[in-house]
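Take a look at the following structure, please.
Lettered A, B, C, D, E, F and G in written order, each chain numbered from 1.
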C-alpha cells in the first residue's frame, strides 16, 4: 500500500491533515487564552493527543511502522504530564 | 490481581510488544516481568477474582453504544450556536467498593459524553460527576447506577 | 521547507533572546528553553531535510538506500536535547534557590557581585 | 665571574640564617664576599687594561635568546669594582647603622639581592640577561625602599619607584628586543661589533627611544627624576648604595654600554644631551632648596646623573673621558656623603641642616671624611672630582656651535649649584657653633666611619695621583664607551684655561648662592614648583588612571545581565552579519520553497505562534505551556523529517521539563511587566537582529554544497559491523559513543547540581541582616579607593616638590 | 462494490482516520468554544480519546505486522484507561481551586460535601 | 597506544563514578579524590612522556577509522595542557582536603572537581568538533555546580550570570557546529582541516569562524564577552575559584587556537585584525578593572581576563613563535593564577577578609607566606627570572618580529598595570599594618591556612596546616622551575606551535594513522 | 490523593517499565535506546510519585539515584574499557556470538551494555531531578510528604 494508491488520494490525505491542523490551532488558542490553569492543561493534553494522531496519520501516509512506537511513547508520557500538572494545581491551591 | 497472573500477563504483553509469540520470548518476558514485579512489589498488593469474559464483552458493547450516542449529542451542542446543555455537578452514591471497581466505574462515566467524573468522596461512598445534561439529575444518576455500575460490578465481582 | 525552518529558527532565537533580556528570572529560563529549541532545530537542519526516510536499515536489508535522513545531525541533536534537559533542570534549581535566598526574581536586584 | 654573581645570590638567601647566628657581626661577615670579589676584579685590571675582554657563557634559554653570558671589559670592570667595593663597605656600615632593628635578615637579603642584580647587570654579556638583572634591581630596590613597610610614605615611595622604573623597564625590554632583532642576536659583544648596521636600520629610532626611556627612568632623568628622592625612605645604607654606585647608575651604565652602538647620531645627541642638561640643572635647583640632608644629597645625585647623561649625549672623546672620571669620582664622594649623612642622623637624631652645626668637635673622624667628600662634591681641591669637573668643562667647551652656547651656561649653573649644595650639606653641619640636637651627638662607631673615610681617602689619593687609575681603569672604560681605545692621561692641574675659568665662575656663583640661600629659599618658590610638575603629573595620572579605570569598569561591568547579553549578541550580530553581507552573500533560491507541504508550514507557524505567546504571556503557566507547545511541535518536525528517535526524546524531555518548570515557577513571584516601553523596543530590536542573522545564516549555509560521506559510511557499516539497524542509536552507542559517555556524565553532574542546590542549605542567615550588610558594602565600594586616597591625598608637599 | 471489498482494509483505514480526525476536530472546537473548563473537558476527554483511538486503530489495521497491531491495540487500551483518569485529575483540580462554572450550571451537589474549605478562590489560581 | 590518550578522561570518570557509589562516605570520597588526582597526574606525565618520545598519539575511539569515529589526539600542545591541568588539579585537591567544608564535601564536591577535570582534559584531547562541545558542556556543567555549591546569596547572583551567558555561548557553539557540518559534512577536526578549505562561498567559512570566535571568546573571557567572569569567580570558596582561574578560560583559548589554526587557517588574514583588537581591548579592560578592585579575588578575576588578552595576542599574531609564546603563557597562567587564588584564601584567613581596605600585617607576622605570594605575583607581572617573564618575552619577540608594534605596546603597558595591581596587594595586605577595626586572625599561627573557610576560629593540627601550604609552595616552586627551566618549556611550546603552524602534521597523524 | 489515580497507576506502572525495557533493548534496531528507555522508566516512577508521594516512590525504587547513576556510569565505562583487554581501541564494539533470544536479532555486545549504562544513568538523573524538585517545592505544603529514610540526610 502506498500513499497515493487507491483511496489514499492526496486530496483526501491533505484534508485529514487540514482537520488536524485546524484542531491544533483551536487547541492552541485555548491554551493561549486560558483563562484558568486547568483550561491550559486541557488544551495541552489535547495538543498532545493531536500530535499522537498526526504521528499515526503520518505513519500511515508515509508507510513508516516505526512511528507507531513514537506515538505510543507520546501517549504514555502525556498522561504523566497531565496528571502531574493537575496534581500541582491542586497542591498549590492547598498551599495558598 | 494475583501476582502470578499479573506476571503471566506481563509476559504476554512482552510478546505482544515484540510481535513474536515464541516460547523463548515468553520465558524472557516472564523473567523480565518477575524482575519488574520484584521492584514494583507494592503495586500488587491485592487479589482480584477472575472475570467472566461475556460480561466484559457486554460491558464493552454497552460502552461503545453509550459512547457513540452521547458523542453525537455533544457534537451537536458544540457545533451549533448557543447551548442546549444544562450542566450540573451530581453526587452519585456508590455501591462499588474496591479500588478497581471505583476506578473502572469512574473511568467509564468519564469516557461517555455528557458525564465527567470529578472526584470520589473521602469515604468512598459517593462519586461526584459533572453532567452536561442534568435537567433531570435523578435520571442521570440512575442511568449510571443501572447502566455502568451494575455491569462493572458484574464483571469485577 | 528549509526556508520556512530558517525563519522558525530565527524567530525562536529572537523570542528566546528577547525573553532573556527581561528582568524576571522566570522569563530568563523560558528564554533559555526557546534558545535551545532554536539551536537544536538549526543543528537538525544541518544535514539537509529528507521527508519520511528515517535512517533505519530495513529488516530485510544490510544497508539503506538513499535518500535517507542524515543520521549524524540526529545523533547530535539527541545529545544536545538531553544535555539541555540536564541544564534546564539545573537552571531551575538555581533560580529556585536564588529566589529563596535573595527574595526576588528581579534580575536588577542581583548586582551585588558586580559593581 | 659567573660564580661570583651566583654566589652573591646564594649568600642573599643564606643571609637571614646567618643573621640569626652572627647577630651584630653579620655585616662584617657578609662583607667578606663582596670584598673578595673586589679583590678578584682588581686582579683582572691588568688583563682588561691590555685590551682583553673576558667572556663566560652558559646556556639558559637559548631558544629565546637569553643566555648566561658575562662580559668583562673596561666599563663593566669599573662598575664591578665600585659595586663590590662600595657594597662591602655598605654591608659593614649597615651592620652598625641598623643594629637591633627587626627584620634585619630580610634587609641583608634584599641588599645582597640588589648587589647581585647590579653586578649581574653590569657584567651581563647578553642584552636579555641584562634586562633580567635590570628588573631584579627594580624589585629589590622596591623591597628596600619599602623596608620601613609600616610607614605609608615608605610604601608610597616604593610604589612610585617601582612604577617608574618598572614602566621604563618595559620600554627597555621592547627596545632591547628590537635591538636584538636588528642585529640578529642578543649577544652584547656581537652587538658592539655591529653598531653601524643598527644605526642604519629603520627600527633604529624606535629602539633608541625605548632604550632611552628605560635608561632615563632608571637614572632619574628629568622628568622622571622625582622617584629618586622618594627612595630616601630606604634606610641610609641603601641610599648610599642606590645613589653612589649602583641602581641609578644602571641607566648611565646602559647608555655608556650602548653608546658605541646607538650613539653618535643626531637623534642621540639632541635627546640625550638635552635631557641630561635639563636634569643637571633641575637636580641642582631642587637640591638647593632642600634642608633635609638626605634629600639634598638625593637631588644633587639627580643633578650628577644629569651631568653624566649629558656627557654621554655629546659622544666625543672628551665627553667619554669626562663621563668616566666624573662617574668614578661621584661614586666615591656620594657614597661617603650618604654614609656621613646617615651617621649624623644616627648620632644626632635629625637630618635638618638648619638644626645642625659644629659637629666637627664631637664627630672629628666623620668630619674629616665629610669635608673631603664635600670638597669633591663642590668640585674643588686636590680631589679626583676636580679632574672630572675640569674634563666636563672641557667637553662642554668643545661641543659644537649652538650646543656649546646652551651647554656652557647650563654647566656653569649646575656647577654653581653643586658648590652651594656642598657647602650646605657637607660643610655647614660641621662648622660653626654646635647646635642643640634631639640626641646628644658623639662620634659614630668605627663601622660607620670606616666607609666614608675609605671612600673619601680614595677620592683624595686618586685626585693627587690620577695616574694610578688613568691607564688601568679609566682608559679601558673610555675605550668601552667609545668602542675604540683612546689613550687617557689625567692631571690635577691643566693650567689656566677656559675650563678653569668656568670652574671659578661657578665657585663664585655658588658661594653667593650659599650666602643668600635663606632669602632665595623664601623668595623663589616658583623655581621649586617649576621642577615639581612631573611629580604632580605622576600623581595626577595615577588618579586619572584610577578614575578612568573605575568609570570604564563601572560602565562595562554594570551588573545587569541583560546588558552583558546585549553586548555579546550585538558583537555576534555585528561580526557575523557584516561578514555575511560582505563576504558570503549569495542570492537565495526561493524556488525550492515551493515544494513545501502545507501541514509542515502549519507546524512551523504554530511554533512561531507559540513562541510569540510564550513571550507575550502574562502568566507563568501560560508561558510554560506555550513553551511546551513549541517543544511538541519541534517533535512533530522531527517526525516529519525522518527522526523518530529525536521525536520521542524531544517529547519525553519536553514533558519532563514542563513538569519541572511548573514545579519551580510556582514558587516564584508572578510575572510582572516591569520594563518600560523604550527598553522593550530596544530589546526587541536586538532580538530581531539576532534572529534575522541566524535566519540568514541558515539560508546561506543551506546553499553550500554538501557531501554525505559520513552518513553513507554509517549506512554501510551500521548493520554489517555494528549489528544495529537504527543508525542513530548505533552512532550514539558505538560510532560516537564517546559523545554519549560525556553526555551522561553531564547529566549526572547536572542532577547532582540540582540535588546539592536544593538540599545543601547555607547556615541559616537572617535575610534582613544580609541585605543591610550588602547595602552598606555597596556604599563603601562607591567611596574612593582606600590606598589610592592614601597615595594621593597624603602626599606631603615638601617631599616630592 | 467489489473494489470496496477488495480494498476493505484501505477503506476501513480511511474510515477510521476520517473518524479520528473528525472527533479530534470536534474536541478542539469544543475546547475552543464551550463556556467553562468543565464542559470543555467533557469535549476534550471523550472526543479526543475517541479520535486518537480511531487513528491508532487505523494504524493497527493498516500495517500488516502482528506486533504493530498488538502494540497499537495496547496503546488504544492505554489511552482509554488513562484519559478519564487524567480528566478526573484536572476536573478535581479545577473544582478545588474554584474555577467558576458556566452561568447556566444550576446544580452543585459537591459543594455540600465535608471539608470543602479546600475550595479556595484565589485569583492566581484561576489563570 | 590505544588507551593512553583517553586515560585523562577515563580516570576522572572512574573516580567520579566510584565516588557516587560512596556518596555517603566522606572519608572514602576524599581518599578517592586524592587517588584519582594522583592517577590523573601520573597518566598526564606518562602521556606527555610518550608524546615526547613517539610524537602525536591518536586513538580512534570505537575503533572506527577517522573521520567516522571520534578521534582523541594528544600532540605536544594538548598533552602539555593536560599535564598542567592535572598538576593544578592535584594541588587543588590537596588544598581542598583542608579548606573545603564538610557540607560541600557531603554534596559531591570531590566528584564534581574530577568531572570538571574530565571535561577539561576531554576538551584538550578531542579531535572532534562536536565532541569538543560535549566536553565543554561537561566542564561548564561541573563548574556551574561547583560555583553554586553552597547556595549562598553571592554565589547565586554570580552563578545566574555565569550560567546564562555560558549557555548562550553554548547555543552559539552548537549553531556553529551545525553550520560547519552543513558546509562540510564532517565533524572530525583533521578532516575539517581539509574539507573546510573547499567551502564555497569561502565567506561562509569565515562566518562560521566568527561564530566559533564568539562562542569560544565567551568561554575564554575575551572583550567584550567576559562579563560573566568578574561577576562570578569571586563568589565560591576560594579553592574553587582557584581551579576555575587556572583552567576554564584556558580551555577557551586552547579551543580558539585549535580551530583557528586547523579549520579556519585560511581565514587568518581576515580574523587577525579582529583578534588583535580584541586581545588589546581585553588586556586593557582586564588591567583597568583589576586596579580599581577592592576585593582581592575580584582583582585577580580581572587579571585573569587581562592575561587571557595576552594569550589571545599570541594567537592573533599568528606566527609559529607567537603560538609558542601563547602556549608558554597559558601554562604559566594556569600555575600562577591558581596559586594566587589559593594565596588569596590564605590572606582571607589571616586577615579575615578579602577586602583590601581591611587587610594588612601579613608580612610582619608571616614573611614566608609573603614570599610565597611574591613569586607568583612577580611572575604574573612578567618579572624575571620567573616563568611569566619568559612567556611574555616570547610573545614580545614574536610580536615585534611580526611588526605588531601597537599590540605589543599595549601588552607591555598592561604588564605595568599588573605589576601595579600586585604591588597594591603587596602593600595593602602584606606590608602595611592591618586597620584596627577589622577582626583579625593574624596572631594565629600559619596553621590557620588549613581551616575551613566558613569557620572563623580555626582549630586544626599543624600537620594538616602544613599540608595546606604544600600546594602553594609546590606551585610557587613550579613557577620558579618553569622560569629556570624555561628552555625546556619553550622548546616544548615550539614543538607544540609547530603543529599549530603546520596542521599537516596533525591531519596526517589523525587521518593517516591507526586504521 | 486520588484513589482513581492510585489504582490506575498500580496497573500502568509495570506496563510502563516493561515498555521502557522494550525500548532500551530494541533501540539498537528501531527507535528507542538507553535515553528513551530511561526516560520512560523515569516517567513511570514519576507517575508513582505523583499518585502516591515522592517518599513512597523513593522506597519503591530502593536504590538511591546516586547509586543508579554511579552504577550506570561504571557499566558504560566498563563496556568501553573491556575491548582494551582485547587490544582494541576504547569503546570498540565487541560482539559475542550469542544471539539474544528476545528482540528478533539483537546480538549481545559491549554497545548493548553501554546503552544499559546510559539507561541506568538516565533513570537516575531524571529521578534525582524530579524527586528533589518535587520535594523542595512541596516543602511548605500543609500535608508534609513522607521522606524516604536515606535520601534527605
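We take it that a residue touches a chain if its C-beta (ideal position, glycine included) is under 8 Å from a C-beta of that chain, and two chains touch if they have at least 3 such contacts.
Please read all numbers here as calculations on a predicted model, not as lab measurements.
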{"item": "Centrality ranking, top chain (CA atoms only)", "value": "F"}
{"item": "Chain located farthest away, centre of chain E as origin (C-alpha)", "value": "D"}
{"item": "Pair with more cross-chain C-beta pairs in contact, given D-G and C-F", "value": "D-G"}
{"item": "Centre-of-Cα separation between chain F and chain D, whole angstrom", "value": "26"}
{"item": "Distance from chain G to chain F - Cα centre to Cα centre, in angstrom", "value": "36"}
{"item": "Interchain centroid distance [CA atoms averaged], chain A/chain C, Å", "value": "21"}
{"item": "Chain A residues counted as touching two or more neighbouring chains", "value": "20, 24-25, 34, 37, 41, 43, 58, 64, 66, 69-70, 72-73, 76-77, 79-80, 83-85, 87, 92, 94"}
{"item": "Numbers and ranges of chain C residues touching at least 2 other chains", "value": "20, 25, 28, 38, 40, 42, 44-48, 51-52, 54, 56, 59, 72, 76, 78-79, 82-83, 86-87, 89-90, 92-97, 101, 107, 110-114"}
{"item": "Residue list for chain D, restricted to those that touch at least two other chains", "value": "557, 559, 561, 565, 569, 597, 619, 621-622, 640, 644-645, 648-649, 652-653, 655-656, 659-660, 663-664, 666-667, 694, 698, 701-702, 706, 708, 710, 714, 725-726, 732, 734, 736-741, 743, 745-755, 757-759, 762, 774, 781"}
{"item": "Residues of chain G touching chain B in the complex", "value": "2-4, 6-8, 10-11, 13-15, 17-19, 21-22, 26, 56, 59-62, 101-104"}
{"item": "Partner chain G, residues of chain B touching it in the complex", "value": "6, 10, 13-14, 17-18, 20, 24-25, 28, 32-33, 36-37, 39-40, 42-45, 99-100, 102-103, 106-107, 117, 119-120, 124"}
{"item": "Touching residues (chain side chain C, partner chain G) in the complex", "value": "54, 56, 59, 78, 82, 86, 89, 92-93, 96"}
{"item": "Chain D residues within the chain A interface of the complex", "value": "597-599, 602-603, 606, 609-610, 613, 617, 619, 621-622, 625-626, 628-629, 632, 635-636, 639-640, 644, 647-648, 651-652, 655-656, 658-659, 662-663, 666"}
{"item": "In the complex with chain G, residue positions of chain D that touch it", "value": "644-645, 648-649, 652-653, 655-656, 659-660, 663-664, 666-667, 721-726, 729-730, 732-734, 737-738, 740-741, 744-745, 747-748, 750-752, 754-755, 758-759"}
